[in-house]
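Two complexes, one shared chain (chain A), two partners (chain B, chain C).
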Partner chain A sequence: MTPLEIAEISLRSIAISGTASIIAAVISIPLSLFLCLRDFKGKNLILEILNSMVSLPTVVIGLLLYYLLTRTGPLGFLDLMYTPIAMVIGQAILIIPLMTIFMERALDSRKDVVEVAISLGASNSQAAHRLFLDSLPGIISSVLVGFNRAIGELGVALMLGGNIKGFTRVMTTAIALEVSKGEFELGISLGFILVCISLLLTSAISRMARR
Partner chain B sequence: MRKLFIGIVLAVLLASIALLYIISTEKRSLIVTTTTSLYATGLLDELKAKFESKNPGVMVKFIATGTGEALKRASQGGVDLVLVHAPSLEKEYAEKGVIEKNGSIFAYNYFILVGPSADPAGASGKSVIDAFKSIYSAGERGKVLFISRGDRSGTNVREMQIWRMAGLNPKNKSWYIESGSDMVTTLSIANEKQAYTLVDVGTWLFMKDKLGLRVIVDRGDELINIYSVYIVPSGNVRDASAFKEFILSKEGQETINSFKGGGLFFSAIWPVDNTKWLRETWEKWSKIKG
Partner chain C sequence: MIEVINVTYRYREGGGISGINLVVGDEIVSIEGPNGAGKTTLLKVIAGLLKPQSGEVLVDGSRNFKGDVVYVHQRPVMFRTTVMENIIWALRARKIEDAEERAVEAMELMGIYELRNRHAWKLSAGEMQKVSIARALALRPKYLLLDEPTGSLDFSSVESLVSIIRGRKRVLIATHDRDFSEKVADRVVKIRYGRLVP
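What follows is the complex of A and B.
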């Protein structure tokens, strides 16, 4: 494997998992705000379900989406199977529960802000906005947890992307392929590169968020 | 800082969506599901490069899995061509109409039985069926282990067929281990446990230097490994036909024969037309349940 190929695969991993994380964040932020601010019957149950969904094996999510997206499936007309877009959708669904739980926790730890804001005459939506801004570091680190989960997962990428060279091959599927070719050392090197990428991105973004 | 952050996030999003969009619309896709034993050697990438230089409008995309999964994926749609090596499964899916009725044999090589160098089952030098019988009885006496892929891959199907021909059923025996993994992992397990296993010659040749195992049986009709190509009628038939034709052309067949200096895969038609006996052998295997 040439360095150029490794760079290309790394960039594809970042692009796919990054897009998935942004989509997941757009869904998880309002969801977690809702769960944090509203008190209703069954709220704990929802949180418990989300929590247990984190245990869903990635390959099972991949399989469920496979039946949805495949040409004979209900969404087959979109022709998304074996494309990076299918991987983005799969990874977004994979990390939404995880992100929502982390975000809900981050928001919950700052919940006193809401009461203060309301006692100072803020409207509900102004208070929610304040809570969101105050919890931003926690929100961003939740997004990063999701991103790292997405970039390190194999099941969805393999099932929905198919590990097609130059098209849907990402770090994790490349590692799996190298292992199946008996190139264990290259597999470990790629794994190390993956962790380095994740470390660089995570520390860069959290540093920016702290400032 | 917030503006910068949002800016970066938006830039990444736009760039990646643009990237994905460009890649996905540039060329016509030809999705080929194939077996790992063909793909991992690099043969298919060589065929792809030669084919694409002649057909610049097509992008061949390989999805490398076991034969069972390759055919299963074809049955769910989204696949245009399959390259597989399990006659009995091929027949099953052809009868269901998932793949074309008359596929073409494009290459062959051999399976080999490998095991610990001491050969505690005394299987060396026997026919493969007798070797399996020896392994079975030695296994029953607790002397040896056998590692099976257990994944409905072409290699696994052949192994099950050989057990059946020997009149034995090793399933659920304590000495019979199903790895559920690819060939390399299965070989590694066999190596660690000093056990016997069935392997395709391609994988064996590039793995053998890393293993403390040796060839036990490498001769016999039971060990011929036949690779066939099938068009999936529900897919992109036009480009699938073109790629199939290329694989069967003189250039494609020469590429297969001379790959990595030769000896890894043998052409089915060139320079000698082997189609007749390969087809007969294929027919025989297609009738034996795996």
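What follows is the complex of A and C.
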């Protein structure tokens, strides 16, 4: 594997998992705000379901989406199987519960801000916005947790992407391939690069968030 | 005029207030009582933060008084931004035009102008308390509710708070600090076990 190929795979991994993280964040932010601010019957049940979905094996989500997206499946007409889009969808579904749970906890820890904002005469939406701003470091951390989960997962990437060279091959599927070929050293090197990417992105964005 | 009419608010886990009747006009009223007597609950019900299970609160004869009554929490909660932004945020949220001037005036009044660019959540408890009161004063509310405002303040800060409160009317204070209460209040109301006592 040439350095150019490694760079291309690394960039593809970042692009796919980054897009999945953005999509998951767009869904998780309003969902976690809703769960934090509203008290309703069944709220604890929803939180418990989301909590249990965090530990759902990636291969199960991969299988479910495989059934939906395969040519003969209900969404087969979309022709998304073995494309980066399918990988993005799978990774987003995988990390939404994780992101939502982490965000809800971050928001809940600052919930007293809402009461202060309302006591100062702010509307409910202004108070929710204030809570969002005050919880931003925690929300960004939650997105990073989701991104790191997405970039490091194998089941969804392999089942929905198919590890097609130059198209859907990402770091984890490349590692799996190299190890299956007996290229352990290359596998470990790719693993090291994956950890470095994750570490660099996490520390850079965390620093920005702290500022 | 604030009219608290036969208000009851009980917490599921016990405690709260029962059958409270109180009228506050152009005066400074202090609600005195030990911890857990129901002072905070009463102020939060008046501020509209807790909905009473029975009875009602009228402000100048109206049930819709959002913005007219501002409640300052016992434990100051700072927004994760500067002192200036903490004070100006609610003014902007309420679309008050001279927000900046009002914020500066409130900070000067509370003696915290030099803290304006500091991160509010990194201040000492006493400084946070002052920011919290300045944030409410900047709004120039019709009625100001202060919950244990002297909890984290030193002697000189308490003295200046007394003169600030004395300089305005329509203030309701919950405190267990009898000295402060005597200095500042026109009238003292006592609360025990969630009920007003003579």
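The definition used in the following text is that the second predicted complex is superposed on the first by the 211 of 211 C-alpha atoms of A that agree within 3 Å, B and C clash if a C-alpha of one lies under 4 Å from a C-alpha of the other, contacts with A are read in each partner's own complex, and residues count from 1 in each chain.
Here is the rule we use: contacts are C-beta pairs under 8 Å (C-beta built on N, C-alpha and C of every residue); 3 or more make two chains touch, one makes a residue touch a chain.
A quick note: this is a predicted structure, and the numbers were derived from the prediction, not measured.
**Q** Once both complexes are superposed via chain A, do chain B and chain C end up clashing or fitting?
**A** On the superposed model, which is not a single observed complex, chain B and chain C fit side by side.
**Q** Is A:Arg130 contacted by the first partner chain B, the second partner chain C, both or neither?
**A** A:Arg130 contacts chain C only, not chain B.
**Q** After superposition on the shared chain, which partner residues are touched by A:Ile16: those of chain B (first), chain C (second), both, or neither?
**A** First partner only.
**Q** Taking the superposition on A as described, I'd like to know which of chain B and chain C A:Ala122 touches: first, second, both or neither.
**A** A:Ala122 contacts chain C only, not chain B.
**Q** So, does A:Asn163 touch the first partner chain B, the second partner chain C, both, or neither?
**A** Touch partner of A:Asn163: chain B, not chain C.
**Q** Return first, second, both or neither, reflecting whether A:Asp112 touches chain B, chain C, both chains, or no partner chain.
**A** Second partner only, chain C.
**Q** Report, please, how wide the angle is at the C-alpha centre of chain A between chain B and chain C, in steps of 10 degrees.
**A** Nearest-10 rounding gives 170 degrees.
**Q** Taking the superposition as given, does A:Leu4 touch the first partner, chain B, the second, chain C, both, or neither?
**A** After superposition on chain A, A:Leu4 lies in contact with neither partner.
**Q** Using the touch criterion from the header, give the chain among chain B and chain C with more contacted residues in chain A.
**A** Touching more residues of chain A than the other partner does is B.
**Q** Once the shared chain is lined up, is A:Gly76 touching chain B (first), chain C (second), both, or neither of them?
**A** The answer is first: A:Gly76 touches chain B but not chain C.
**Q** Answer with first, second, both or neither: which of chain B and chain C does A:Leu177 touch in the superposed model?
**A** Touch partner of A:Leu177: chain B, not chain C.
**Q** Once the two complexes are aligned on their shared chain, state how close chain B comes to chain C by Cα atoms, in whole Å.
**A** Across the overlay, chain B reaches chain C at a minimum of 14 Å between C-alpha atoms.
**Q** Identify the residues of chain A that lie in both the chain B contact region and the chain C contact region.
**A** Comparing the two interfaces on chain A, one with chain B and one with chain C, no residues are shared.
**Q** Give the list of chain C residues in touch with chain A in this complex.
**A** For chain C paired with chain A, touching residues are 47, 49, 66-67, 70-73, 77, 79-81, 89-90, 93-94, 135-136, 139, 141.
**Q** What part of chain B is in contact with chain A in the complex they form?
**A** For this pair, the touching residues of chain B are 1, 4-5, 8-9, 12-13, 15-17, 19-20, 23-24, 29, 31, 36, 40, 45, 59, 61-64, 76-78, 182-185, 187, 203, 206-207, 210, 234.
**Q** In the complex of these two chains, what residues of chain A are touching chain C?
**A** 110, 112-113, 115-123, 126, 130, 133-134, 136-137
**Q** Mind listing the chain A positions that touch chain B in their complex?
**A** 12, 14-16, 18-19, 22, 66-67, 70-73, 76, 81-85, 88, 140, 162-165, 167, 177, 179-182, 205, 208-209, 211
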